[in-house]
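As structure tokens, here come the structures.
The same subunit A turns up in both complexes below, where it pairs with subunit B and then with subunit C.
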Partner chain A sequence: MTGMGFWRQAREIARKDLMVEGRAGEAMYITVPFGAVALMLIPLAIGTDKPLLARVGPGMFLAVSLLFGMLVAFRQTATDTQPQRELLMLLGTDAAAKFVGRSAASTLLLLIFELVLIPVTVLLYNPGRIDGWPWLVLVVVLLATGLSLVGTLAGTVTLGLKTRSTLTPLLVAPLSMPMLLAAGQIVESLRVERSIVVWVLLMVAINLAMSVIGVATAKPLEETAT
Partner chain B sequence: MRRSGFALNIAAVAAIAIGFVSAVGAPSEQTQGDFARIMFVHVPSAWLAFLAFGLTLAGGVMWLMRKQERWDRLAAASAEVGVFFTALALLTGMIWGYPVWGTFWDWGDARMMSTAVMFFVYIGYLALRRSIPDRAIRARRSAILGIVAFVQVPLVYFSVNLFRTLHQGATFAGPDSPIDEGFVRPLLINLAAFTLVYAAFTMSRMRIGTIEDELDDVEALPDLELAGSGVTEPNLGRDFADE
Partner chain C sequence: MRFGRMSVLTAVDLAVGPGEVVGIAGPNGSGKTTLLRILATLTRPTVGSARVLGSIVGTDPLTETRRHVALLGHQPALWGELTLLENLSFVARLSGIGTERVRDILHQVGLGGAMGRRADHSSHGMQRRVEFARALLTRPSLLLLDEAHAGLDRAAQAIVETTVADVRDRGGGVVLVSHEPDRMLPLVDFTYVLEGGALVAERGLA
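So, the complex of A and B:
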């Protein structure tokens, strides 16, 4: 990979991750139905009050996207084994390109995850029409990107640890809360026709910060993974 | 080192006693009454949480640059003490909030929510440290997480300016501060006292960290034959007694 440019390396890593996921189907065939089941469980827990469900529907979608999206972001199929890591290092793969490629693959999977859950939420909760709903497309994209960046970073930090499966959500959930807050506020602001600029900017700023930190720390983190 | 640590502990205890007396002696607040005295614990706790997490960041960055274990110990100790002070700030804020705001917790308040998030981010930081036995890997990974986690600190600090919610904005800084002079002095005394407590806690935790590392080094040594293994059990005349 030494002959390849940065973006080509990132694209190849993303392609490899998506191919592995396509064969295993861990995110698409396990996590997506799991998320849909979670959306069904909530009305059973809080009661079938239709106005209440319509009110909480968008929030439930965001919460389920965050909690189950985490599972997509640090799925097993995105984890390299020791020989795979050594091979990529011998090929001269740029650690930052690996981070970018892996995050891009996770973003795409998270977008699919969210696109499946949106009609499920609409069918189960009937949240009604929200004016300015095209903005929600931006929210979904920013949420998927942010979550995949945080998830990839946390997945690298906890690589190889015995407590990985329990520790990673503990790291990802609080770091993702500002994004959830901003996304929730955008939905609410659209509902009451308030400005959403500050919240969109907050989501963009978090994504930018996570991208910079992820790229800058990719190399030192890779050194601890071997 | 041990003597200076002892002196710091004594100074911290004395400063807390002075801080307590000054807090009790402060005038009662016009509308909040004696509940306002909780601020003498709440405000210094919040400030020290920021300082502690700032030093966690600094320790992590210095470790990445210098690779000296003392920087990692500083980062770890400061994070632990920072979590303690964050919990104290949250708890005292809730106790004060109930009589003054009428609620322990307000979900819409930016400062409360962001502080709680910061608390859990650093709980995660400490959990990560406990999960990695290798010192060099632990130091490197937690240094990086310390950098990521610090993103929360300015978010918490500026949350009151960014979002106009229940928590009041910055009232202490600036010449137009609405705080009465009789209240400022005990607040500053308590801030100094809590800073000494922070320093004492952090230094003690760093010393414990050093001892833990030394213990790990000893336990990691291979089982060598003891120097005295050539000495056998003394013969107390049993051979003769058997005859």
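So, the complex of A and C:
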């Protein structure tokens, strides 16, 4: 056996994860309906104050994306059993490639999650026209990527721990806050026509930092978990 | 080898040479699986040392060594949502050995008619057969079998023999552990007995 290159390994891991999720549907079939329900509950609590709903709509979307996105990424990292993880190690799979592949699969799932919830948000909150919507597409992609990286990293850190279910959200929440803050500021800045460059750069920087940390720590974390 | 305050393997001195098949018998809890996991480089010995295919476990980089080791444990390492064919193809692609032989090997282990079946819809015996198919596919230099015969019917015994012979004939080493020594005796060159974490007896040539 000669093994295969880093990116091909990452691609195979992502493909396998997406096939498993496509058939089991554990992450998406649970989070999408609950995400939609969460978005529906807020207008019921606020009432018919349309201007207020329009103002909080994007923020609600981002908050729901964060909460349920965390679940998607966490669920993704929990899909492999110990024998499966050990098989991947014995096949010589690069731990960093696993991190990248797993994050990529989670990103795709989160993008689907967000794309389903966008029309729900528009329908329920009617946030009005926001100029510069291509930037919003970028925000959605950056948010999905960032949450996936944070979720996968937290899932890897807590792998094999008995307190995993408790510890993972505690790790993910503070790491995700700057991203949520930046995404919220971008939406608000687009609304009042302020510059968004700083916030976009912040999101890009967070994604880059999480990628570097995830790739650099994948191997030692994997060895510790066995 | 210690887990916390509990000693699991206390006196083990074992060497497996090229082309050798070694059996390790012993009751439940004697440390057989722990020994196998150390040889698989998945568990680091806390005391003493283990050298696997030239690499010291816990000290040397193991990625390349691991590519030449196969462990067939108690639980099959299959993804339940994938078919038997997809599981083996995934391993083939990840190992960089191509998927050309996958179908032939599944036929070889008697799963030609079931390769499109999801793993979680397959019996334990069928899942075990896929594990052996994986060993035939990846052609390891060191094959580690934990209770090799568990979950296999009499007709499937030949698969165990074929897999062991394949590794041995290529000059690889094989270690089988079992609490039923009689079932592995026909396959092994030497049998050791592990009791209370120590290799206490050698039964000599089988």
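Heads up, the rule we're going with is that the second predicted complex is superposed on the first by the 221 of 226 C-alpha atoms of A that agree within 3 Å, B and C clash if a C-alpha of one lies under 4 Å from a C-alpha of the other, contacts with A are read in each partner's own complex, and residues count from 1 in each chain.
Heads up, the rule we're going with is that a contact is a pair of C-beta atoms (placed from the backbone, for glycine too) under 8 Å apart; a residue touches a chain by one contact, two chains touch by 3 or more.
Since the structure is predicted, the reported quantities are computational estimates derived from the model, not experimental observations.
By the touch criterion defined above, A:V157 lies against subunit B but remains apart from subunit C after alignment on the C-alpha atoms of chain A. Once the two complexes are laid over each other on the shared chain, residue contacts for A:T224 go to subunit B alone; subunit C is not touched.
Once chain A of one complex is fitted onto chain A of the other, the partner contacts of A:I213 are limited to subunit B, with no touch recorded for subunit C. When the two structures are aligned on the shared chain, A:A24 is found in touch with subunit C, with no touch to subunit B. Of the two partner chains placed around the shared chain by superposition, subunit B is the only one that A:L171 touches, whereas subunit C remains out of contact.
Annotation: subunit A has no residue touching subunit B in one complex and subunit C in the other. Within the complex, the subunit C residues that touch subunit A are 40, 42-43, 63-64, 66-71, 73, 75-79, 81-82, 86, 90-91, 93-97, 118, 138-139. Subunit A meets subunit C in the complex at residues 1-4, 8-9, 12-13, 16, 19-20, 23-24, 81-84, 86-94, 226. For subunit B in complex with subunit A, the residues that touch the partner chain are 64, 113-114, 117-118, 120-121, 123-124, 127-128, 131-132, 136-137, 140-141, 144-145, 147-149, 151-152, 155, 162.
Within the complex formed with subunit B, the residues of subunit A that make contact are 153, 157-158, 161-163, 167, 170-171, 173-175, 177-178, 181, 198, 206, 209-210, 213, 217, 220-221, 223-224.
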